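As structure tokens, here come the structures.
In the two complexes that follow, chain A is the common piece, with chain B as its partner first and chain C second.
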Partner chain A sequence: MKIMLDISIQEEHPHHIIKIQGEIDASNSVQLDEKIRELAEQGSRSILVDGAQLEYISSAGLGVFMSYLEEFQEKEIQLKIYGLTPKVFEVFRILGLDQLISILPTKEAALQDS
Partner chain B sequence: MIKLPSIHIGKLSFLLAILVWLALLFVDMVRLFGLINDLNSGIVPEFTWILEILFFLTVYGFYNYSINKSTRNDFLNVIWRASSTGISASVLFLLVQLFKYVLEGSKLAQDPFLLNFFYHVHFALVTIFLISSAILWKNLILYQKTKRVVKQWQTFEIALLLGMFFIFFNQNTLDYSFLFGLVILGGLGIMLAGNLKWIPYLTFKEKWKSLLFLFLIILSTAYLFLQNSVFSNTQQIYPINLLDNLFLISLFVFIFVYALFSFLVTLFNLPTSSVFEQKLTEAINFQRLSQSIQPDENEEQVLDILIDSCMSAAYADAAWLEMNKNESGNEYVQERWIDAETREELSHLIEQSKSATDWATDQKPENLSPLSLRLFHEKYESVMLIPLVINKSVIGRLILCKEVRDGFNKEMVNIISTFARQASIAVENHRLLNQAIQNERYQEELKIAQRVQKSLLPVKLDHNDAFEICAYSNAADEVGGDYYDTFQLDTDRFVVIIGDVSGKGTSAAFHMSQMKGIFQSLIQLNLDAEQFMIRANAALGKCLERNHFITASIFIIDTAKKTFQHARAGHVPTLMLDHRNGKADYLGVDGLGLGILRNMQYEKHVEQKVFDYQPGDILVLFTDGIVEAKNQKSQQFGFERIRSLVEVHQQLNPREIQTKLIDSLHDYVGGGDGLIDDDYSLVVVKFNENYA
Partner chain C sequence: MEHHLQIACRTTALSELRLFLNHTLADTQLTESELNQVTLAVEEVCANLIIHSHQCNESDQIKLAVRQDRDKLTFEITDKGKAFNLLDYEVPDLKKVISEKRKGGLGIILVKKIMDEIEFESDRGLNTCRLIKLFRS
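What follows is the complex of A and B.
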């Protein structure tokens, strides 16, 4: 079973939007990690993750977001996730990541919240 | 033919031959005595002939046995035996002549008995020489047995046997019937003499030796034959003619003709023998190359053979082999009759040549064939580049150098490319085999890891009469990251823990074992649930990889108070069935996974709650592998399905509930564990209804 994942980046100054489509598991979480690292190294100040079309995220995928928490806090980079489906949001919530990362319902909410 | 069922058939026939010969001598002596003294000895000539035939047969028996036993396919040895017998016979006969010559004029020299004795000695020598040679020739003729040749030989043997008895028919006179028989036997012998297939297999040196031996055979055959006629001319002295026997004369013809043919064919084979030898060497080299290399051997051995084979096939003056860098980064170069400096010079010249660079950058290496080049080098004027191709990629090349211009012909190119292909296959097989062995070793290691990890999960779960407990765990790979454990704090208080490392496989398994170590240590401290998680987070934060975390749930059950204290660190919520209303619900406790925040801030993100329970209540702890297991439509098993299953089966004991859950999980995904690609675990606790 091939797991489909498509990650694209859009720039909406001063934000960078990572749009995730498909499923993230242990086999492809590296792709997400690479994109986020790229943006952080480019000096992006605000990274928004569009998770509206994220169908599933495994613990390895959560590990990617988790691993940037402290680094982004130090560098004052904002990381926000928006548009998550209830099922995916539940995964974040169970782990408790909703308390550490701003997870917002819509893009507008994400842009306003700062 | 006499077939004696004895094991010492050789010795026996040898003894018999001597006895028969002595009998023959005695009979003839008696007859001679009778003749000289005008007494009729009354011995008919047929008696002598029978003894003569018996002698032939016993000598044949002896040689057939001893030659077949000793010589096999060693042609030179065969010819040597024949020629040595011939020479011995001739020399012995010469000695007899010399003896006669010395005694010339004396009375003894004219003594008919002595002369008759010599005549019999000569007869015996000739017979031995002819019969032994015939049997040796048989080995040579039948070297490459075909049905036709075997039949011909058998015909010849039968004809010879009949020839022995011919003497009864023509009464030992030289008439036309004798000539007729001789023509038939001679013709058969000459036909057989065309079978000379053993000659090409001799090496050049062996051919020279065999020429010498064959010459000696021809010489002794001719000499012995001429001596025969000398005796025949002075026949009247002897009572009976033994030598003018059709059998012996035919054998003379056969031995002589075959020796002559062999001599001539060997002589004319001399100039081309090096070609045959070369082809034979190539065949042997090919065979050596195609023998697969043993796993503990080195592939350089095959390359070694390759260089030698190619050099000898092309008569190359120098050669070297370059292997491209392999995974371990080793470049391997081997030189033959060439120094590094000359090699550099030639490499440089080759790089300058356009056809060589085109060749080296060919897009389809699998179709690459050897390339001959003309170079302007002071010593080597032509080189040939031979690619070594494995799995569509060039792993190296062999360079052959010759001092003459255009030194490589089509035959050389053909045979050399075959050698190179064969060597490549051998090297490839060797590499694949090594890989397979390596993989097998890893598999073995994983099995050990699996066994070790299984032992990290408890076999016996701590509990008392107040509750029953059972647990199950399954890893997606050989090893996994799920963990559960129990601990008895005192008579009434028990700890139940479930944990899950993010990810799966080997790295998860290592973290799982760290988790077990930490949990086991912390449990001993009799901490409350929240403190346990805070300490666990601090300890795990130091040893987890940056993007790994652990989720866990802890229950500290107090069977005396009928309560349990619970904290949840990012783990999937625990299902609790209320026995009174038969409804199940997930316990609402907030808490962040372990290892996510690695500083003291974690304290703010974890809480503990105390719950009361009733006898008959059920706790179902599990890991996300169950919730996230998907069916063929990619839908997750989900929390709701677990809840309703537990509600339906609440009357069952923990073991049965566990079985029901796992069975429906398997049914849901449509098969066994293989379809669930995450580790999953399940712990079921049921508080006994009848516990006071």
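What follows is the complex of A and C.
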């Protein structure tokens, strides 16, 4: 059986890159929450989410990103998402999250933006 | 033509639901993005029922019927138990969701934005939620 979700973390000083592969829904969004929480607690100042291989996200996953917005703003932690496929980006756009979270087309754009 | 699926009330059944919908809707005129959106909307309703109405009780079941007509798709989701009428649910303000650090509430916003019509009825413990997506010609 195909593994539904794989989340890995790479460090590219001063950034931490969370690479998401697969599908995020209500059954596994807690994994994304734990990874982001972990990085924030370790003192990361810049979290970049590589969404190129994110095939699907439901509100459970979107809610994870949203739940950190205020805290990260207060603590001056940068959170950016890049590489989303058009169909996944569309879901962020429907909710208006593209106005609240920095979503960039490529990793290069995300690095330049910081 | 109608297609049917029955899933147990556990969140891991949601991937089963997506597979079913991808397969069932493959021959429709929906674009890849529209297919993703209607799948998402149906999943959001089912996830709500699984988590909030049935507290992930795996012995409970949700039924889904998908009907394709010339001009629209109809998704009929039925369950037994406490009714959750999403038409009565007040859609939370996005800013409120952020400030209260809520991880829920977004799903209903998505369903209402994606689907063209939403109907709900409850009769003697059987709840039916109908989601309708019109084809754009």
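In the analysis below, the second predicted complex is superposed on the first by the 111 of 114 C-alpha atoms of A that agree within 3 Å, B and C clash if a C-alpha of one lies under 4 Å from a C-alpha of the other, contacts with A are read in each partner's own complex, and residues count from 1 in each chain.
Criterion: contacts are C-beta pairs under 8 Å (C-beta built on N, C-alpha and C of every residue); 3 or more make two chains touch, one makes a residue touch a chain.
Fair warning: this is a prediction, and the values are worked out from it, not measured in the lab.
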item: Most chain A residues touched (candidates chain B, chain C); value: C
item: Touched partner set for A:26, first chain B, second chain C, both or neither; value: both
item: Partner chain in contact with A:62 - chain B first, chain C second, else both or neither; value: both
item: Chain B versus chain C as contact partner of A:48, first or second or both or neither; value: neither
item: Touched partner set for A:104, first chain B, second chain C, both or neither; value: neither
item: Contacts of A:86 with chain B and chain C, given as first, second, both or neither; value: second
item: Partner chain(s) touched by A:95 [first = chain B, second = chain C, both, neither]; value: both
item: Chain B versus chain C as contact partner of A:4, first or second or both or neither; value: second
item: Common interface residues of chain A - those touching chain B in one complex and chain C in the other; value: 25-26, 33, 56, 58-60, 62-64, 66-67, 69-70, 87, 94-96, 100
item: Residues on chain A engaged by chain B in the complex (per definition of touch); value: 25-26, 33, 56, 58-60, 62-64, 66-67, 69-70, 87, 94-97, 99-100
item: Interfacial residue positions of chain B with respect to chain A in the complex; value: 500, 502-505, 546-549, 551, 569-573, 590-593, 596-598, 605, 624, 628, 636, 677-678
item: Of chain A, residues touching chain C in the complex; value: 4, 23, 25-27, 29, 33, 56, 58-60, 62-64, 66-67, 69-71, 86-88, 90-91, 94-96, 100
item: Residues of chain C touching chain A in the complex; value: 10-12, 14-15, 18, 32-33, 36-37, 39-40, 43-44, 47, 50-51, 94, 97-99, 101-107, 109-110, 113-114
